[in-house]
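Please find the structures below.
The two complexes that follow have chain A in common; it is paired with chain B in the first and with chain C in the second.
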Partner chain A sequence: MSVDFGAAHVVVRRGGLSARLHLRTLVACLALTAALAAAAIVALSLGDLPLSPAEVVTALFGADDGFAGTVVREWRLPRTTAAVLFGLALGVSGAVLQTLTANPLASPDVVGISSGSYAGGLVVIVLLGGGFTATAMGSLIGGLATAIAVYLLAYRRGVQGFRLIIVGIGLGAMLSALSTYLLLRARVEVAMTATAWGAGSLTPVGWPQLLPAAAVIAAALILLVVLSRPLHQLELGDDASHALGVAVERSRLALLVCAVALTAVVTAAAGPIAFVSLAAPQIARRLTGGAGISLAAAGLVGALLLTVSDTVAQHALPVPFPVGVVTVVIGGCYLVWLLVREARRTA
Partner chain B sequence: MTPSPARLRADAISAGYDNATILDGLSIDVLDGSFTVIVGPNACGKSTLLRALTRLLPATDGHVLLDGRAIASYRPKEIARELGLLPQSSIAPDAITVADLVARGRYPHQGVLRRWSPEDEAAVAAAMAATEITDLSGRRVDALSGGQRQRVWVAMALAQQASILLLDEPTTFLDIAHQIDLMELFTDLHRTGTTIVAVLHDLNQASRYATHLVAMKDGHIVAQGEPAAVVTADLVEEVFGLPCVVYPDPVTGTPAVAPIGRARVPSPTAGATR
Partner chain C sequence: MTAVADASPAPAAGRRPGRQRPGGPAARRRAIGIALAAGALLCVCLASIVLGSKPIPLAEVVDAFTDPGAGGENVRIVLDLRLPRTVTGIVVGVALGLAGAVIQALTRNPLGDPGLLGVDAGAAVFVTVGVVVFGTVTPLQDLAFAVAGALVVTAAVAGIGSVRGVADPIRLTLAGIAVAAVLTGITTALMLLNPDSFHRLQGWKAGTFVERGWDVVLPVVPFLAASALLALALARALNSVGLGEDAATALGVNVARTRLLSVVAITVLAGGATAIAGPIAFVGLMVPHVARWLIGPDQRRILLLSMLLAPTLVLASDVVGRLVLAPGELPVGIVTAFVGAPVLIALARRARASAL
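Showing the complex of A and B:
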């Protein structure tokens, strides 16, 4: 007996493996992957030594041992990989939080988790003078502590979406103030480094920062492959998901930790990059047209957004800007639009 | 241990919220194959009991036993394969279609790799057929009427294929026609072997459809048994504080309740049993 789901689905069954995939989501993911590959190749081709896409591809696959190979693989690839990977992480992180709270505004950058990660990292840099690992740990702890604080402060017999946003924005503002205070207390050269980091830039990212970040992102994404089922089940409300066999509190905590870790690790490596985790899930939702947010689609949109934004930040403007500035400008407009829409709907 | 006729039973359980204890040492056997209906005034603990039976609200004292084993020791999915619950409030995700929502009921039977087996498909199709929503299967849930939507939620609980189904005020927001429609559906389910436990407000419907009626007040069971034995004017007055006349339902002969209300005298022609 085959079931009509109202939209085309692809059913895959092989051995003990079976899955049902929403066709439009599948197509959207494939198209996004193609667009992402194209954007990455363009990003790799631009710079002081302009290359053709063909030269980039040749260099990528190691068939070019000359200067172009070095330029692509050693100089440009870390940055582009970072854009793809961090965009992926931010998109997925936002999708998880927005699904958990059933609110399109609840992204880590809006509810203060990015600010918390930044403040956490700053504490380590300014007060303890830590290196990358220590800073990353500081960011992670800062992000998690902020997430828990927001959750507890917004909790009143369950967490209602809009209260969470308001509390998050408030707490985020306080944490930004703390960060400013920390910067004022810091030595000049430390403050300068920290400020550059605080704008959100992929410039300082090389392989040494990228690899540990990639490991954390990979671990979180693998966990999320398992946790995506309880995540979508949680959309039905706590009672229904509990009745269907979801360990509600445990799943929610694990999902929250994954989402925060994804944002925090990106913040640790590149500083707070706004907008991507806010917009990517919503763009993905409109592209896929199904129920709920596909984590894969949200991640791919995030990767595409960040790669394109970074290319714009580096090459399209007269002076190279940190990518965070570009995403903030686009994101600010988007956030205002979302807030207005959300306020109307709640009123 | 002698085999109990009740796979699901509560043994002297206490449960409540924050510091308020609502159930205090309550015991109940959910008889296998019964259509048990729990009635009682607001805040008497009937929903709390239902929540405690499904571990939604952990008992602070005593045990809820399923097949002789404390439900606290089960894994969540394990319970969900045996016990289904239709909660009072569930959320349909935006833009979800009927079949998609019903398919969510298969969660306890699925895993990371096994996400949509032929059994899942058959169970979803059967659940939609049983609730007569197969025609709606591709429609969006948010475009349905209240009655249709409730059927979709019931179908989701059916797709779970639990042998015991608990229903928390399943008819509350429906008009009378849809209420009866749904109660008849539950009766059909009961006839096909599902044990049903429902919390209901309407005493006449409870008496009509229940095989076993449980009346609760202040966290205790006041009376239980066949509706004809339980629903008397004295009991209704004791439990609800409502003076009434109990008469045989003209259609089914089961007890029906007519409240007396203020300053009205029961008519001697009504066949009163008061």
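Showing the complex of A and C:
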């Protein structure tokens, strides 16, 4: 028996598992993957030693043991990998939070979770003097504490969308002030590293930071594959999801932890990179045309956004910029557009 | 639903009968409130002159004022560093408090603040463009760029934040934050592109009174004073606008002119404050609320009291910023953000604000 879902879809069956895939989402994801691969190759080919795309591909797959191979694999690959992975993490994190709160503005950067992660990481660096793992833990704890604080402060007979945003912005401002204070009281060497980190930059990211971050991101993404069904059932409302057999509170908490962990680990490695998690899910939603946000599409858009932004920040401008400066401009313009469009629809 | 309700918060209701009789308990309470605010301002002014990385005994401060010719080190610190800094704090505070009060009254928006609405960021980006692209150096050039930036951003944010000409407070705030984010990004980019101006702008960007001598403050003061008078002159019209556009028109107020003049006052006040000290957020948000809570919903009194409370807050924040990191300093804008953000959260939690 076939059920009409209202949109074209394909069913994949393999062994005991089967999945029904929304056709347009599938096509969008494939196109995004292709675009992402192209963007990554361009990013790898630019620099003091310009290479052709063919040379990059040759170097990537180890067929080139010469200088070009070293440049691509040792110097440029960590950065580009970081851009792709971190963009993916930010996009998915934003998609989960926006879906959970049913609010297109509730992304980790707008509601202060990034600021919380940054402040948490700074506390570890400045006050405790920890290494990368400790900093990442500090970021995670800071992010989670902020998320919980925002939720509780915004709670007043239910959480109303805009109140959540304003409370998050307020808390974010406070935490940024705290971060500035910590930076100013830190020793100069510590403050210098921490300031570069604070602008949101992929420059300090090498394999030693990338590998643990990638492990956390992979774990969170695998967990989210399992949780994506409850996530989309939660969109129907608590009562309906109860009826569908979802453990509502437990799923919500697990989803929140995953989303915060994704943002926190990126913040720990590269600093607060603004607005990717805000814009990516909404762009993905428009590309896939579905009712909800596809996590895979959101992640791919995030990866594409961050890779392109970092390439622009590195090569298109006379001086290399922290990528956060580029994403804040792109994301801010996008937010303005979102508000204008919404206003027109209401009018 | 609009923000009309906010113009008359609950505390005012209990005092309403008292307002009929001049000299009654309400009037006495208002007088006490204003006297206390003035006293507090005097105290923080004194603290701002006495306290710092080198505390100076009160007797020597008195000596410095009575005998400015004596060339002791402490006299120079008082007259050349602390006094201009204190005056800067007062000037910037008055400008920010008034700008916030006028924004809140005009837009009937409890979340109105030149910092939150991006006006400061607009002024900042234009000043940065002036420094980086046109090589401006004098305070008046800074002021011109700041006011132009404030004006452009005010118009843009009002346009983005309004639906069919009605400005919704939350939407306005979001529009302001989005625009401010973009502009802050551009400001940072411009500073990174031009290392020479980086140093001049770095401290200024967080909002600070450090190294603001007479030469920076005095040229801007006449413009700020003129727009402060303009704001005070508009108070009565703003009271009527608070009742809604139709009611204001019926009361004989020219709404369009009031709006235009208010925008002029806001942009010069906020732009001037930013030109002097950099963007300082949350002062314009907090102060009018405290003033309204103390003294009732009449804009004339709110504006007057804001002129006393805002410099008190700014100077107190500056003194705190000097003390917590001594011998270093915390920029005043960071302290006001730390104090002001909880106020924003409390306002957002209020049932009325969220139903706006």
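We take it that the second predicted complex is superposed on the first by the 334 of 347 C-alpha atoms of A that agree within 3 Å, B and C clash if a C-alpha of one lies under 4 Å from a C-alpha of the other, contacts with A are read in each partner's own complex, and residues count from 1 in each chain.
The rule is simple: a contact is a pair of C-beta atoms (placed from the backbone, for glycine too) under 8 Å apart; a residue touches a chain by one contact, two chains touch by 3 or more.
From a predicted model like this one, the values you see are computed outputs, not experimental measurements.
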Could you tell me whether chain B and chain C fit or clash when both sit on chain A in the superposition? fit
For A:P78, select first, second, both or neither according to whether it touches chain B, chain C, the two together, or no partner. neither
Which of chain B and chain C A:D239 touches, first, second, both or neither: first
According to the stated criteria, A:A291 is in contact with first (chain B), second (chain C), both, or neither; which is it? first
For A:G120, select first, second, both or neither according to whether it touches chain B, chain C, the two together, or no partner. neither
Looking at A:M174, would you say it contacts chain B, chain C, both, or neither? Reply first, second, both or neither. second
Taking the superposition as given, does A:L335 touch the first partner, chain B, the second, chain C, both, or neither? second
Of the partners chain B and chain C, which touch A:S18 in the superposed model: first, second, both, neither? first
Quick check for you: in the superposed arrangement, does A:A102 touch first (chain B), second (chain C), both or neither? first
Distance in angstrom between the closest Cα atoms of chain C and chain B, superposition on A: 21
Residues on chain C engaged by chain A in the complex (per definition of touch): 111, 160-164, 170-171, 173-175, 177-179, 181-182, 184-186, 188-189, 192-193, 206, 281-282, 324-325, 328-331, 334-335, 337-338, 340-342, 344-345, 347-349, 351, 354
Taking the complex as given, what residues does chain B use to touch chain A? 54-56, 76-81, 83-100, 103-105, 107-108, 110, 112-118, 120-122, 124-126, 128, 137-140, 156-157, 160
Residue set of chain A touching chain B in the complex reads 1-7, 11, 13, 16-20, 102, 225-226, 229, 232-233, 235-237, 239-240, 242-247, 289-292
Residue set of chain A touching chain C in the complex reads 105, 153-154, 156, 160, 162-163, 165-167, 169-171, 173-174, 176-178, 180-181, 184-185, 199, 274-275, 317-319, 321, 325-326, 328-329, 331-333, 335-336, 339-340, 343, 346-347
